[in-house]
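Listed after this line are the structures, all set down as structure tokens.
Same chain, two partners: subunit A is paired with subunit B first, then with subunit C.
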Partner chain A sequence: MTFNFAVVFKFQDALLLGLLTTLKLTLICIVLGCALGFFLALARTSKSAILRGVSSIYVEFFRGTPVLVQLFWVFFCLPLVLGVELSNLASGVIALTLYMGAITSETFRASLKSVGQEQLDACVALGLSPWARTMNVVLPQAVLRAAPTLLSNCVSLFKESALVSAVGMADLMFVGQNISNNTARPVEVLTVVALIYFVIAFPLTRAVTVIEHRILKRLAV
Partner chain B sequence: MSYTFDFASVFRNMAPLWDGLLVTIQLTIAANVIGLTLGFVLALLVMSRWRAIRLPVTLFIEFFRCTPAIIQIVWFFYCVPMLFNVFLGSVTMGIMALGLNLAAFNAEAYRASIQAVPREQLDAGVALGLTPFQRVLYIILPTAVRNSVPVLLTNGIGTFQQSALVAIVAVQDLMYQGKTLATLTYRPIETFTIVALVYFAVSFPVSQIVGYLERRREVLAS
Partner chain C sequence: MSDTAPLIKIEGLHKSYGGVVQVLQGLDIEMTAGDRVVIIGPSGGGKSTLLRVLMGLEQIDRGSITFGGNPYISAKSGKTAIDAKVRRSIGMVFQHYTLFPHLDVIGNLILAPTKVRGEKKADARERAMALLTRFGLAQKANAYPAQLSGGQKQRVAIARALMLDPKLMLFDEVTSALDPELVAEVEQVILQLAHQQMPMVIVTHDMWFARNIASRVIFCAGGVVVEDGPPEQVLGSPKEERTREFIERVFHIKH
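Up next, the complex of A and B:
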């Protein structure tokens, strides 16, 4: 068979729009998901059994079910449960944020453990409020140590975001599939779409290694 | 909220869901067989002395790790038949796509644990006069495989979850049957909740085992 990659370039504007949607969705969910994950991790290490129980069930449930099922649930069931219409973007953001919160909470939990008990004792000795302790002592160290894993969580989210195409959100994957169906040139179009994802995700995974080796060693944390 | 639940409409239709779960499990097991074996071979190749071997294998692994699984599956279903002029059954295609994806992730797990085998142990192997092959077989392999078990299990269960993606290319797995049922009965909440619970019921015990193995290793290491 003959290849005709020129077909793909005719649709570069559409692909670019799709890519922007993908990036927008990913960035929003990274910010919201990381914040959610941090507080979930705090809840999972809290003294209250109720907080611990609820947050554990939440995290285990989202880690134990396919993201596709979660997306379908949010897209088709949440509007029925809440009784309001949700826009595509809002549903996508909700579903992926909930997922991102669950996976980053595990990352934060591991890094919270690495903040030594002595430091928490020192906070008590210095008379810091729990809020100041969390924000000024625990958070900076936890984020720093979690940085490499958080970054790979972000790459995972970027990849998982392609799933929103299955519920009809016009992201890169959706646009790519549409073009491939309309031009009957799946080999060229899908390969280019895959390459676009690769070009973005690959440098990020390299950055994970760089952060692990250089920055963290230099900071000696 | 003015919604009355009717889980009975799902329970009346458990047979297709059950068939779907069987397909999902079949996909998972077969993909894991490919992933565990091919992954190990890839890990050995990626650490090869020759650049000509290392480079293509690294590219293969990185490509599968850095693109969404959904595009790999869609690519496989559309492009492999066109490029190679073959069409295998849809379940076979699903198994191959998921298996290759898993192999790439497992290769990384194996590589990390092979490189974590302490240098002194290999030196001891040399001192004892073991051949290179014996060193791999008796020193590296047992430690490396044991150390990589938690990650391999996590990846394996990840594939169980990723296998839901084949529903998009109309393989009749659990997710596909759930989608069909939700449309037929107009009961998406009940159906998708039950489908989610079924997935959860399989993954949760495995992730608990992984947690147990990791905790035990921390205790043993300290």
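Up next, the complex of A and C:
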């Protein structure tokens, strides 16, 4: 059997479009998912037992079920339950945001714990309102401390996003599968697809180490 | 405000932690705007607790506090009795600096003025730079707390509290965490404030500092005021046996 990687180059435009869909989906879900995760983490550490209960159940549920099942549920069941049509992109965004929210809330929860009581006392002594305290002191410190793990979470999301191909979203994986079926060249095409994912994910995973080191130095007071 | 009307009046202050550890047991203190009160006493005696109560960081069980003649904290009406406006006119500096590590020095100074009082960023920066210059920290304006020495951090913390133009400053063992050679630079800054007639309550174990800054020294032990008087008297020739023992033990002074 001979391999002909030149085949793949004929489809570079299609692959690029697929990659853009993957990146768009991932970026939207990173932003929304991190915001959701932060407030979930606040809820999980709140004084209200109801907030704590609801947020814990949510997080445990999403961590305890396969992403693929969550994705199928949002694509096929949510429109029936809500009685509305959802576009492919909307469904993908909802599903992956809910998933990202659950995993980042764990990351934020750990980093919130590291914002000590003394910092909160200083906020009270300076007369900061609870909102100003949360947005200007707790959130930035929690984000900084969480940054390395959050970046890992983002890489996971980027890779997990390939699952949306299973429900027909034209992401990188979906395009790759199509091309490989049409050309009967699965080895070449899928290898290139894997390499594209890797080339993006690898520098990010390396960056985690570098960022971790810098942040620890900054926050060492 | 006149120098003789009480700035702070504490009456029958009781405070426990979880109802078990009785820390303050009927504390009465009155101070005027002309006073610089130094509080001394054994470790665990409730000095920090008292300052934290004044700052509104702790709830009390019994008693009341007025500030400038107005009700400030009262056990009867619970936590809500803390007057946010009064609290804003009190500044506090802690033993462990508690600067915000994610903000540079200027950022630490202007956060509260811009968020609490809605001051314009440019105006707050200008005031911050003036303060930093006064404290010899102008070149550190854009440094992060992790890049500062302990003495510099503590001076920044003092400047940060001063940005809100407090009517009363609370200092809780602000030099205890410092290396000995850094203590003087922080004490100098506080002495400078004292010369400008800033009313203050200071908890310290530094005898030299206490003598030089205090208009009054209060010895607290067992949750009550044991002795209260001018520094020469309380530190020099204490009336109470307990004060004498404490001063001999801590300051190694024989009478």
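Convention: the second predicted complex is superposed on the first by the 216 of 221 C-alpha atoms of A that agree within 3 Å, B and C clash if a C-alpha of one lies under 4 Å from a C-alpha of the other, contacts with A are read in each partner's own complex, and residues count from 1 in each chain.
In the analysis below, a residue touches a chain if its C-beta (ideal position, glycine included) is under 8 Å from a C-beta of that chain, and two chains touch if they have at least 3 such contacts.
All values reported here derive from a predicted model rather than from experimental measurement.
A.B. asks: With both complexes overlaid on chain A, does A:140 touch subunit B (first), subunit C (second), both or neither?
C.D. replies: A:140 contacts subunit C only, not subunit B.
A.B. asks: Classify the contacts of A:60 with the two partner chains as first (subunit B alone), second (subunit C alone), both, or neither.
C.D. replies: First partner only.
A.B. asks: Which touches a greater number of subunit A residues, subunit B or subunit C?
C.D. replies: After superposition, B is the partner touching more of subunit A.
A.B. asks: Kindly classify A:69 by the partners it touches after superposition: subunit B alone (first), subunit C alone (second), both, or neither?
C.D. replies: Only subunit B; A:69 stays clear of subunit C.
A.B. asks: Could you say whether A:190 touches subunit B, subunit C, both of them, or neither, answering first, second, both or neither?
C.D. replies: First partner only, subunit B.
A.B. asks: With the two structures laid over each other on chain A, which partner does A:125 touch: subunit B (first), subunit C (second), both, or neither?
C.D. replies: A:125 sits against subunit C, while subunit B stays out of touch.
A.B. asks: A:218 in the overlay: touching subunit B, subunit C, both, or neither? Say first, second, both or neither.
C.D. replies: Touch status of A:218: second partner only.
A.B. asks: Within their complex, state which residues of subunit C touch subunit A.
C.D. replies: Result: residues 52, 55-57, 84, 87-88, 90-92, 94, 96-103, 111-112, 115-116, 144-146, 153, 160-161, 164 of subunit C touch subunit A.
A.B. asks: State the interface residues of subunit A toward subunit C in the complex, per the touch definition above.
C.D. replies: Where subunit A meets subunit C, its residues are 118-119, 121-122, 124-129, 132, 136-137, 140-141, 144, 217-221.
A.B. asks: Touching subunit B in the complex: which residues of subunit A?
C.D. replies: Residues of subunit A touching subunit B: 1, 60-61, 63-70, 72-73, 76-77, 80-83, 155, 159-163, 165-166, 173, 176-177, 180, 186-187, 190-191, 193-194, 197-198, 201-202, 205.
A.B. asks: Which residues of subunit B touch subunit A in their complex?
C.D. replies: 1-3, 62-63, 65-72, 74-75, 78-79, 82-83, 161-165, 167-168, 175, 178-179, 182, 188-189, 192-193, 195-196, 199-200, 203-204, 207
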